[in-house]
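Next up is a structure, given as C-alpha cells.
Which chain is which? They are A, B, C and D, in the order written, and residues in each are numbered from 1.
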Amino acid sequence: MEFIIGKFNYWIYIVLMMIGFYAMIAKSNLVKKLVGMNIFQTAIILFFISIGSKKGATIPIIQEGATGDAVNQAVNVARYINPLPHVLMLTAIVVMVSTFGVAMALIIMIFRKYKTLEEDEILEIMRSEENK
Amino acid sequence: MIGRFDNVIIQTISRLLIPPIQLFALYVIAHGHYSPGGGFQGGCILGASFILMVIAYDIKEAKRMMSEKVNTIFSSLGVIIYSGIGVVCLILSANYLDYGILNKIMPVTIAEARALGIFGVEVGVGITVMAVMVSIFLNLASGGEHEEAEE
Amino acid sequence: MEAISSIKPLLAVIVSLIAAFLILLTGERARNLRESWTILASVVKFAIVFSMVSPILEGKVIEYTVISILPGLSLQFRVDALGILFALTASFLWIITSFYSIGYMRSLNEHAQTRYFACFAIALSATMGVAFSANLFTTFIFYEIITLSTYPLVAHKETSEAVKGARRYLAYLLGTSIAFLLLAIFLTYNAAGTLDFSNQGILAGKGSNALLTVIFILFMAGIAKAAMMPLHSWLPAAMVAPTPVSALLHAVAVVKVGVFTVIRVVLYIFGIDLLSRLGLGTALAYFASFTIIVASIIALRQDNLKLRLAYSTISQLSYIILGVALLTPSSMVGGIIHITNHAFSKITLFFCAGSIYCAAHKTKISELSGLGKKMPWTMTAFFIASLSMIGVPPAGGFISKWYLAVGSMEAKEIPILVVLLVSSVLNAAYFLPITYKAFFEKQDDAHLHDGYGHHDEIKEIPMVAIPLVITAITSILMGIYPDYFLTLAKEVIR
Amino acid sequence: MTAQAPILIIIIPLIASFLNVIIGLWRKRLCYPLVIITLSLSVILSISILNTVITQGVIHYRLGGWEPPWGIEYVIDHLNAFILIIVSFISFTIAIYSKRNVEQEFPEKTVYFYTIYLLLVTGLLGITITGDVFNLYVFLEITSLAVYALIAIGRDKKAPLASFNYLIMGTIGACFYLLGVGYLYIVTGSLNMADLGRLLPDLYHSKVVLAAFAFFTVGVAIKMALFPLHVWLPDAYTYAPSTVSAFAASTMTKVGVYVMIRIMFTVFEPRFSIVMLPSTEILGWVASGAMIFGCILAIAQTDVKRMLSYILIAEVGYIVIGVSVANRAGFTGALLYILFDAFTMACLFMAAGAVMHKTGETSIHGFRHLHRRMPLTMAAFSIAALSAIGVPPFAGFFSKWYLVLGAIDAGKWIFAVLLLLSSLLVAVAFFRIIQNVYFPPYEILIAGSEIALPSARNDKITLMDEAPMSMLLPIVIMAAGILLLGFFSGRIISTIIQFTVPGGF
C-alpha cells in the first residue's frame, strides 16, 4: 500500500499513459487515436513535472533586494523546486502542440478525401479503389 | 465551419475582454525572464485572444485583422528575431546566444545586456507562438481552406 | 624469384576498359570507328601482355599494387608464368575473335552491336584481371565482373529463350559465387589471415582437416565457371549467345577463368603437399574424370552443333582440372598446357559452327551433309581442330594428353589412364562423324530448300573464314613446336 | 568561421527556412536557389568540421557559453562528423533533384515544401551534432514533424493516412525516448551525454537505468524502422513524393542508427550494453530477422518503390548486425554501410522517381524496356542495385565484406551465412527489375507495350526520352559515387572510421 501511496505520481502517470496507449493502438477512429496520443504525452509531462517538485519549495528566483535570510536561502537547494524539468516540458509541450497541429491537418486531408475518419472504412474504400 | 452569428452579449463581452487579455499577454512576455511566464506562455495568451475573437465574430473578421500573409510573416519573423539575436552574438565573436557580448553594441552592463538579449528572444518566441496558434486554429476551424503553416 | 614492379599489368587490364568506354561513346553512328576501337584495344593488349613474357621466362614476377582497398586487402597484380600463359592465350585469341565477330555480326546484321562490343571488351579486361591477380580478393572482384559483363552477351538475342538462358547463367554463376566462393574466401581469410597467393599455399597447418576439407569443397562448388558436374548446366544454356561469344568467352575466357581459379586455389592457396596429405587431390581427380566421361556421353547425343561443342568443352575443362588434381609434375604441365591447346582448337570449332550458321544458317549436325564441298576451308579447319581435341599427333591436343597420361602413371592412378583413353575414343566418336557427314555424305534434297534460300548460295564469308583458318593452323603448330608454352608451363611448377 | 561552424551548420538552414517563407510570399521561384545555396553552405561547413576534427580532435561547442553539464553542448567527434557529411551532401544532392519533381507534383506548395525540407535538414543535422540527450529529442521531433508533413504534401490519395500512422508510431517512439531521458535524469540529474557517461557506471545495478535503456532502445528502434517495428515505413515511403522518399530513405534510418550507437556506446558504456545486458545479442537476432523478412517481402512486391522500402528495412538490419557483433570489423562495416547505403538508396529512389516523372507509374512492368527510353537513369539504377546486392566492384561489396568479417570474428557463423543468403535474396529481387529493364522477352513486348517490335529492333532511332537534367545529374552523381567510393574505403577507414570504434571493442 505504501508502495502505491508513496509513489502515487508515478502510478498516475503510468495509468494515464496506458489509457492513452490503448486509445492510440486500439481505437479505429483517427480522432480518438489523436486524443489518445495527447493523453499519452500529457502523462509523460506530468511525470516530468512531478519529479521536479519538492514539498514546501518555491520557484527558484531570488527576489529583488532580498536581504540576509533570503540570500542565504538562495543556496539552500531544499527550498527551491528544480526548474529544469519544467523548462524541458515547456519544450515538450511545444513539440506536442505542433504534433497535434500536423496530425489535425492530416486528419482534415483524410476527411476531405474519404469523408470518414473510421480507419476500417477508409481501408475499405481504398480496397474498392484498388479493385476498380 | 464557424458561421457568423450575431450575439450582442458575446461580442460585447469579448470586445471588453480582448484588450486586457492582450495586455496581460504582453506583460507575461515582458516578465518572462525573471518571473514565471515567458515567450511561449505569453504567445499562447495572445493567440487565445485572437481565437476568442474568431469565435465571437467569424473567420472573415479575423482574417481582416490578421490575414494569412501577415500570419505567415509573423510566424517566421519571430524565429528570425530569435536566431538573429544569436547570430548577432556570433558576429560579435561570442558563442551563439551569448548575450553578454551585446553590451559591445549597447550602452549597458553585461548583466543588462543578458537581460535584454533574453527579452528579445522572448519577444521573438512570443510572436511565433501567437502566429502559429492562430494559424493552427484557423486551419482547423476553416477545414483546411486556410493553408497550413508548419511549426 | 625476384619481383619487378611495373604498371604493365594494370595497363593490360585498363586498355580494354577504355576501349569499352570509347565504344559506348561512338555508338551506332560510326560503326567502322567503333570496330576499330576493338581491334586497336585487342592489339595493344596483346602487345602489353607479350612484352611481359621475357622477364617471366627469366624467372621473375611482375608486381603492381593498384590501391589498398581495405587494410590488409589490396587490389594487387602479380604476373607469374601461369598468369602470363593464360593472358597470352586470351589476348591473342581476342584479336582474332574481334575480326571474326565483326564479320559475323555484320553478315547477320545483328542488333545492339554497341552493347555487344562494349561488354566483350569489359569481359576481356576482367579476364586479364583474373589472370594477373595477386590474391583471392582481386580474383573474386574480377570474377564477378566477368559474370556481370557476359550476362548481357548471353541475353543478346532478347528472345524469351535467350532471357531464360541468361537467367540460368546468372543464377548459377552469381549464386554459387556469392553463396559458396565468397564464404570459402572468408573462411580462408579467417583461417590464414591473408589471401595472397603463395607457392607453398597459405592454408597449410592453419586449421583442422575437417575445416580445410569444407573450405576446399566450398571452393570447388563456388567456382561454377569451371563447369564441373553437377554445376555445369549453365554452359549449354549460355549457348543461346551469338557464336563469337560462345567461341571466346564460353570456350576460352569465362570457363578458363573458372579453371584458372581452381588451379590458383589448388596450387597457391592449399598447396600440393597439403592437398596430397588430405587426399583431396585424388578425390578431385576422380570427380573430374567422372565429369569427363559423362559429359562426353551426353555430347554424343546432341544434334545441335553448338550444344555438342558445349558438352565437349565441359569434358575438356575437366582434363585441365584432372591434370592439376593429380598433383604430379607432368600431369600439371599437361593440364596447364591444355589451357592453351584446348583454347585454340575449341575456338576453331566454334568459329566453324558460326561460319556454317552465317553461310548456310544451319545449326543441326544432321543438316551438315555435303557441306564440305561448299565450305572446304571451314570443314577442313573443323577436321584439324577435332583431331587436336581427340589428341592425334601432330595436333596440339596430343601434347597435353601425353603429359596427362604420363602424369597419371606417375601418380599410380591407372583408372585415370583408362579414363583418358576412353574419353579419347568418345571424343573421336562425337567429332569424326561430323566431318564424315560433311565430306562424304550426299546431301539429300530434304535440306535443299529448307529455311534460308538455296544451298548453291552457300559460300564462306572471308571475314569469318580467315580467322578460323589461322586458329586451326596455330593448333597444328602448337603440336609441332610446343616448346614455347611448355617452358612457361614448366616455369609454373618449378 | 571554423570556430563557429558547429552552430552555423544548424542555424543557417533554420534561418533560411523561415526566410524562405517570406521570400516565397514575394517571389516564388527564388526559393529553389535559396535552398541550393543554403545546403551547399552546409556541405562546406560539414567538410570544414570534419577537417577540424581530423586535425585538432573532438570539438566542444557551448551554446550561450554555458558550462556543460548545465548548458547545452555540441560535441563533434569523428562519428558525428562522418554522419554530418553524409546528411548534408545527400540533402544537397536531393535538393537539386527536387526541382522538377516539385513542379510536377505540387507546384502550389513549393514554398512550404522547401521550408519544411530545410527544417528537416536542420533537424537531422541537429540530431547528429548535439551532445545533449534532451536537445536530441527536440531535434528528433522537428525531423519527424517535418517528415510527416512532407509525406502528406504530395498528390497521392493514400499518403495522408500513411503519414498519420507514421505520426502515431513516431510519437510513441519519441515519447519512449523522452521517458528514457526522464529516468536517466531522475538518477543522475544530468542531460549531457558525456556527463551521463561519467555518472552512469556507478548506477548500472539500478532498475531505473535498465528501464531507461529499454525505453531508449525501443524508441530509437521505432524511429529507425527496425524489423518488428517497421510497419509504418513501407506505406509512408511508397506514397510519399519521390523526392521525400529518396531523402528520408537515404538519411533518416541512418541517423536513427547513429542515435542508437550514441546511446549504446556513449551514454551507456559498451560494458553495459554488451556484457551486462545481452542487448547486442538480441539486436543481432532481431536484425537478422529484418534482413531475411525484408528481402522476402521485397521479392513479393510488384511496385518498385514499395520493394525498395522493404529492401531498406533489410539494410537497416545489415547495419544493426554490424553494430551488434560488437567488434572492430563489424562496427567498421556498419559505418561503411551507412555511407554506401545512403548513396545507394538515394540513387535507387531517385531513379524510381525519375521513371515516375516520365511514365507516371512505378510498377515493375512500367520499367519494361526502359533502357531505350532512359538509358542513363537505368544504368545508374542498375549500378545502385548491384551495389545493394553487394557485387564487386561496387561500393556495397566492400562494406558487406566487413560485415561478414565482423560476424566471423565474433564467431557468429549464422549471421555470416544469413548475410550472404539475404544478399542472394536481394539479388533475386533486383534482377526481376533489371531483366525487365534490359531484356524483356519480345513475345511479351509485342503483346504488352508499344516499344520495339522485332522489326523495330534494328532501327537506330531509339526513342530516347531521358529525365530532365536537374533530375539526371544527382542520379548520375550518386551512381558515380557508388562506383568510385568503394575503392577508397581503405582511406575512409584509416582517416575517419577507425577513430569512431568505441573503446572496449
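Basically, a contact is a pair of C-beta atoms (placed from the backbone, for glycine too) under 8 Å apart; a residue touches a chain by one contact, two chains touch by 3 or more.
Since this is a predicted model, take the numbers as computed values, not measurements.
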item	value
Chain whose mean Cα position lies farthest from chain B	C
By count of C-beta pairs in contact, the leading pair of chains	C-D
Separation of mean Cα positions, chain C and chain A [Å, integer]	71
Mean-CA-position distance for chain D and chain B (Å)	36
Chain centre separation (chain B, chain C; CA means) in Å	78
Geometric centre distance via CA averages, chain D-chain A, whole Å	29
Numbers and ranges of chain C residues touching at least 2 other chains	none
Per-residue multi-chain contacts in chain A, two or more chains	98, 102, 105, 109
For chain B, residues contacting two or more additional chains	148, 150-151
In contact (per the touch rule at the top): chain pairs	A-B, A-D, B-D, C-D
Chain A contact footprint on chain B (complex, rising order)	34-36, 38, 40, 129, 132-133, 136, 139-140, 143-144, 148, 150-151
Complex interface listing, chain A residues touching chain D	21, 24, 30, 33, 37, 40-41, 44, 47-48, 51, 84-85, 88, 91-92, 95, 98-99, 102-103, 105-107, 109-110, 113, 119, 122, 126, 129
Parts of chain B lying in touch with chain D, wherever the complex brings them together	69, 72-73, 75-77, 79-80, 83-84, 86-87, 90, 94-100, 147-148, 150-151
Complex contacts: residues of chain D adjacent to chain A	134, 137-138, 141, 145, 148-149, 152, 157-158, 160-161, 163-164, 167-168, 171-172, 174-175, 178-179, 182, 185-186, 191
In the complex with chain C, residue positions of chain D that touch it	386, 390-393, 397-398, 401-402, 404-405, 408-409, 416-417, 420-421, 423-424, 427, 431, 435, 438-444, 457-458, 460, 486-490, 493-494
